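The following blocks contain the structures, represented as structure tokens.
Paired with subunit B in one complex and with subunit C in the other, subunit A is shared by the two complexes that follow.
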Partner chain A sequence: MRGRTPAQRTEALGHALTWLCGGALALNLLLVVFLLGLLAWHGLGYFWQRPLVAVELADGARLLGEVHHREAGRPADDDGGQPVPDRIQLKVGNRDVTGADFVWLEEPGIAARSRPAEAVLLERLEWGHFYGFLRELRDGDRLLAAGDEAVWRELPVLHRDKLALRERIHELESGPIGRINYRLEQLRLATRRVELEAPPPAERERRLAEIAADAAAAEADYAALAEELFALRDELMREVVVAETAAGRSQQIAVGSIVRALRPNAMGAGDKLGLYLSRVWEFVSEDPRESNTEGGIFPAIFGTVLMVFLMSLAVVPLGVLAALYLREYARQGALVRAVRIAVNNLAGVPSIVFGVFGLGFFVYLVGGTIDRLFYPEALPTPTYGTGGILWAALTLALLTVPVVIVATEEGLAAVPRVVREGSLALGATKLETVWRVVLPAAAPGILTGMILAMARAAGEVAPLMIVGMVKLAPSLPIDALPPFLHLERKFMHLGFHIYDVGFQSPNVEATKPLVFATALLLIAIVTVMNLVAIALRNHLRRKYAGSAV
Partner chain B sequence: MLSADQRDRYGGTGGGELLWGQLAGGRPHDLEVTSAGSSGVTALTLLLGHRALVVGQADGALGVWVRVREGEEGERFRLTRVRDFAPRRAAVHLLEPSQRNRGFLAHDLDGGLGLYYNTSHRVLWSGTSPLPAASAMAFAPKGDGAVLAGGGRLATVAIHNPHPEISWRALFGRVWYEGARQPEHVWQSTGATDEFESKLSLTPLVVGTLKGTLYSLLLAVPLGVFGAMYASQFMHPRLLGTVKPVVEVMAALPSVVLGFLAGLWLAPRLERLFPALLLMLVVLPASVLLAGWLWRKLPQRLRGRFVTGFEALVFVVVLAAAAGLCLRLSAPFEAWAFGSDFQAWLLAATGLPYDQRNAVVIGLAMGFAVIPIIFAIAEDAFSNVPRNLVAGSLALGANRWQTVTRVVLPSASPGIFSAVMIGFGRAVGETMIVLMATGNTPIMDWNPFNGFRTLSANIAVEIPEAPVFSTLYRVLFLAALLLFALTFVINTVAELVRQRLRRRYAEL
Partner chain C sequence: METTQTLDPPAAGAAPAAERDPAITPKISDPVLEILGLSLWYGDTQALDDITLEVPAKRITAFIGPSGCGKSTLLRCVNRLNDLIDSVRITGDIRFEDGSIYDPAIDINALRKRIGMVFQKSNPFPKSIYENVAYGLRIQGIKKRSVLDEAVEKSLRSAALWDEVKDRLNESALGMSGGQQQRLCIARAIAVEPEVILFDEPCSALDPRATAKIEELMLDLKERYTQVIVTHNMQQASRISDYTAFLYLGRLIEYGETEQLFIRPQKKQTEDYITGRFG
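Up next, the complex of A and B:
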């Protein structure tokens, strides 16, 4: 800095500080990119099949599994700190045998490792993955195949049959048996209703007898179906694979309980890619298994979409009407200013407060009243007086209404004055002008608001924890039983799924990849929606640039 | 008298002395004698939980005594007067504890009757007895009434007090709870047994909320405001057009995802690599300065090909490299500066333990959530500064930086103020991140290395289990109201400031 004038020195200082500001901005960008990259890396990696590694330890123990994680150790230091060796985390599965999915191995303790081509991975309906070697295929005492290759040849044929059988069982359970359960529940409620109404004894007897006859018929149907179901289940579980773990323990696994049988080390890149896609599809289309730690997340996706859809039905009319009034009809004065401040305030209120409001107002007040008036026979079990998808949607509608108002107002403000004046000059009334001319022109603005509101609702979790989400919903809010759309039902939600599986699960380590995949899906949905909304808004701004009022 | 769990015995004398002894081990220990003043002890009773002894005296004095741990290890107990109620007009001769909560009835010889509550230190009701000559008294099991008897007559009193355990002091002040060494702020709403004394102080939660907010604003304010300043003042509009959507996407990231990453990904890594974070505080700015200096050294011809503000994109790469370097250097730096283990050093040097899920993790995660909000509003304020002000300043010979700091910054400062306020409001109410990335322990201190519990997370944790319309349920609603009021005031102020600013700009 020697030999510079004070002006030059201030300029140099200015440059330095400017760079620091630029650095602040750059750090923001870096954080976003890093976060998205991290999620993509972990989330997409979840579906990729890694090779199976057979490990022999120095003490002679044998293990088979996938290397999940490597951790660098630390050399000994001068102050007498113990050296920490490098470690690998091996997913060894076989939860039913070993009790834990993962083991940490210290590198120096590993004597040998190999990738045996005949090692199999059996994805099971229960107890997670099985890693080991095929030995026999049995039907009770009858040996169907023996030896590694023979079993591997026979297994796919048998497995295909079992998959078809499982499909049939599922249809039976969700179809006829579900309908009978629904009928029995209706009959129980009908009995309650008769008791509540307390008709004259003769009529009461007659009605109760009718109900009892119906119930008996339903029970008989149920018994027949149950018998069929049990027979099918026995059939499903008849053949077993006898497999051996790396440690040499023999294990019997019913063919019907296998989801996939793989030999990862013998797979080519094309096979692996096919497996990858099939796993992605399973993830988005299947129900969760093993208390949400495996399988898919279809109910969570479905619940999120339906809830967001219901919410937009409520929020769009409300928000658009409010914006229309504020922009087109209201006189700009103290009142409108107060309303604007209130709207902005609404946007700043913590979401948990909306949840508490929804619980107190929608669930207990409105829902409780509906229950007393329309569903007295079901009490004390609440119908609407408990969290459900309708209350969740309405709560989120309140939360997102400012978003719609602000975006719609911007859309309305962008409609040029000449368009309005032209319409009025041609003899249209104010209502006609607003309805036929201004609103269509502001449609992109409204759409922007709607998409932003939906994106916000899709990612919001805190209020929903209070007003209607559950970790595992037994049935979807839409099904084949009347009235088809069950607004009172609890539902699953992607965001809550992340919280629940990530933090409330018994086996956090094993489920972390699944949570990453779920988070990635949620982020992808939200980000795409936002980018679409931003693109729409920019399009709108360009279209009316310079011609605004 | 004997406590119901048969572990203590108590007694009082006409000379105003209290006697107390333990019965542990099946053998009576020696009695300890404590003076309760000169007036004789006329009535004694133990409240629910067998810990708090209510003492009525001949002069009408009414006090609560609890055995309090003493000594280094808390090995000794001493009977201590923790609370005094306003004295009654005459000697208290009947005391009756509630079987449901820490309430009790006191009857005096003057025919007065009072209903008291210990924890909240409240006189719930005081008046004349329906049976002035009562010689016996009993609480109804549900606590909704009492029966008095005396002189061959019976009288009943109906009691309706749904939430006796709440008072301003119980919610916000220090309370001397049973078993505590001194009065303190505690939130512990439910316990293992029905005899549990609920501790419903909101103060630790408010402190936790402010703590989380403070640490996140420490990150978010500089990054948000300076980033916005750079973006609006030093960047080519075309570049700004691509940067802004990125920040908007940042704003849209669901907080549950941030919380998940903070709790399960960041927290365990930070525990191992905390020295790297300290390194970054120095290395990152230094690397930016170095990169900026090198950028200026590039020939003008080459630099001219890029739009202004392009160097920020270069900084992204530089920062990534520098951060990677810090992570690599973490272990050597730790060994050099903290003697091999940061956590051990921290405990030895400052006495602070290191929790895995702590305020620093929250500061980073919630800061990340707040940055885009501050950025968006500050950017708005900066770019709406009338162009003629900037042009005038530049025309008078000020350089770019002088113009920004002396002209743009002062005129945009109300907007920046409101940006910070709105960021504050967002951080105060944020739920999922704190729920997932703190231990949710309602501790009250400002140590950055331990967890805390915020009002919002507390609501999310406890309201699903709170019985409808119970005291806890209502206290949680009160917490929500508190949050609402806080953000309402902040947002209104911020919005008014912004509106004034907009009008001022319109006039210019």
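Up next, the complex of A and C:
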């Protein structure tokens, strides 16, 4: 530093500071990119079909599966540490036969490996993947096809029929049978209502008889439909594939229970890409199977988006009105300052506290009261007196309302006083001024608050666990049965799905990539929702700021 | 809001004009506004001290004076915009067509419809040009499209803006130039058909050409409206106003016909100010 003037030293310091700030930003960006890259690498790789490897061990045992993981060993060291051989983890599937999906193999123990083109992978509705070789196609005692190639030729045709059949069964179950169940439930509740109301005996008899007649008709309808359903199910399970595992065990698999039949080693890159896309689509559009370890996550996506939507509906009016009062009407002073500090601090309260409050206030108090007043016939089964998507949305609305208040207040403060005076000077009242001039001008700020609230709500898990989120919801909160939007229903959520699949699953090894994929999807959904809101905000900004002229 | 007003007997116009200082009591035949002994405090600071003056109808009256002399404050008393400031206290009275505007029974919004205002900084609403002009009518509950269309066109024509904006009425007003925005604000004020228009340094943020247009416009509007302008541009006051009031440190120093005041000021302070010796 000798020979430098003070000015040069100051400048050098300035350069160093600039580099420090730039470096901090770069580090942040790098972390984000790294996180997204990690999620994408592990998550997206899951859907790519790897080749099937047939392995023969030194002891003569044969295995077939996908190489899932490799682990480098370590040579013997000077301190007398034993050498550790390289290992591979093979996904061998066939959970119904072997009990576990994965085995670890030490490289020195492998005598031979090959990629037989005829090796098949059967994705099944139950028990996960089957790896093996096709032998026969049977309908009971009747042999439909024998030999590897013949079965592979016949299987797709039969499988397509079965998929159509499965679709019909699904429609029957969710359509007519669902409606009859709904009707029977309504009739059961009607019976309870009659008992609760305790009308005069004659009246009571008459109404009960009516209900009984309806119920009998419904039961009769149900019996007919059930017969059809059972026939379809028998039909679905009639043909079986007889397949052989690598170890030579014969296994019967109903064609109707197969999701996909593949010969990965015979597939070209194009086929694999098609398979990849079809698996991604299945992931985002199907219901989960096998306690969430397979299938899709559509109900979780649906639940997350709907919950965030309901939350926005609740939080925006609440937050905007509160901010309007604080900024426009309340006399600015110590009290308002204290309220403002309290509101800001509310944002820092641990979210589980809101969850507990939501459970105590919304679920037990409000929900319990609603049940007593409007759904007495369903008690002791709670309707609103238990966790549900409405209570979850309202709980999160409380959690995120400070964000909306703060952002709205900033938006309101940014509206120049002279614009308000311009409105008042034309004879507008304060309310008209706020409603027609101030609020529209503050709309971008309000939307900023909504964006932040949505991002926070979509990622929140802890409070939801006690106010209505479940591992597996039997039905979506919106369906074809009246009143169509079922606010009292429990719902699935991506954040909880990540936790459940990753840490509560019976098959953690198999579901690890699903955690990454689900996390990536959650980020993607939050991003999309935010982009929509940002586009809306920019539209408003353009509309009001005049930059589009 | 702790506005208090008292009718102060000596200033209530009871005294004949002849008995009072001729420097601040020009002969005005048909006053529309009478400011009577008006004093105003912001908290403990007095901003206006016993101002009494009459504003003639269908003329342009200018308030001049150095920054902080209270001329804008006085103007804002006329449409009671000072009411918005919590700490303001007012004594004295302003009479507008024989009624007190500080009468507790008065409808302040109706008053503001009759006394329009154009601000120092142009303040179009974040709405389209059309909606800006229609705003005052819409809050009066007028919804009929034909009525609004007609009023918007008439007001924009009066403000010499129609030809420039008739093809982009639905675009944001914030995309206009500063001078256009200010003329839009005038059109917006005209649209509600006020009797008086108050101008609070309307040209202070405009270039000379835009300023000239506004001045021209004010002269055009003279036949129909009583106009009061606050300005710290003395040339502007001399160019357009008929009467000029000089305020200094919250007091009315001199008030008279503009020509008289600029050519033969009666007070030393006025002369010092208009010759540029201070201010």
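Definition applied: the second predicted complex is superposed on the first by the 481 of 549 C-alpha atoms of A that agree within 3 Å, B and C clash if a C-alpha of one lies under 4 Å from a C-alpha of the other, contacts with A are read in each partner's own complex, and residues count from 1 in each chain.
Heads up, the rule we're going with is that a residue touches a chain if its C-beta (ideal position, glycine included) is under 8 Å from a C-beta of that chain, and two chains touch if they have at least 3 such contacts.
From a predicted model like this one, the values you see are computed outputs, not experimental measurements.
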Touching partner for A:Pro416 - first (subunit B), second (subunit C), both, neither: second
First, second, both or neither for A:Ala269, with subunit B first and subunit C second: neither
Residues of subunit A touched, compared between subunit B and subunit C (which is higher): B
Contacts of A:Arg436 with subunit B and subunit C, given as first, second, both or neither: second
Partner chain(s) touched by A:Gly427 [first = subunit B, second = subunit C, both, neither]: second
Touched partner set for A:Ala198, first subunit B, second subunit C, both or neither: neither
First (subunit B), second (subunit C), both or neither touched by A:Arg331: second
Touching both subunit B and subunit C, residues of subunit A: none
Subunit A residues within the subunit C interface of the complex: 331, 416, 418-419, 421-429, 432, 436-437, 440-441, 542-549
Interface residues, subunit A side, partner subunit B - complex: 10-11, 13-35, 38-39, 74, 77, 79, 81, 337, 340-341, 344-345, 348-353, 355-357, 359-360, 364, 455-456, 458-462, 465-466, 495-496, 498-499, 502-503, 508, 512, 515, 519, 522-523, 526-527, 530-531, 534, 538
Touch list for subunit B against partner subunit A, complex: 222-224, 226-231, 234, 241, 243, 245-250, 252-257, 259-261, 263-265, 284-285, 288-289, 291-293, 296, 309, 311-313, 315-316, 318-320, 323, 331, 335, 339-341, 368, 371-372, 375, 399-402, 422, 425-426, 428-432, 435-436, 456, 459-460, 463-464, 468, 476-477, 480, 483-484, 487-488, 490-492, 495-496, 499
Contacting residues of subunit C [partner subunit A, same complex]: 79, 81, 84, 86, 109-113, 116-117, 119-121, 123-127, 135-136, 138-140, 168, 171-176, 185, 188-189, 192
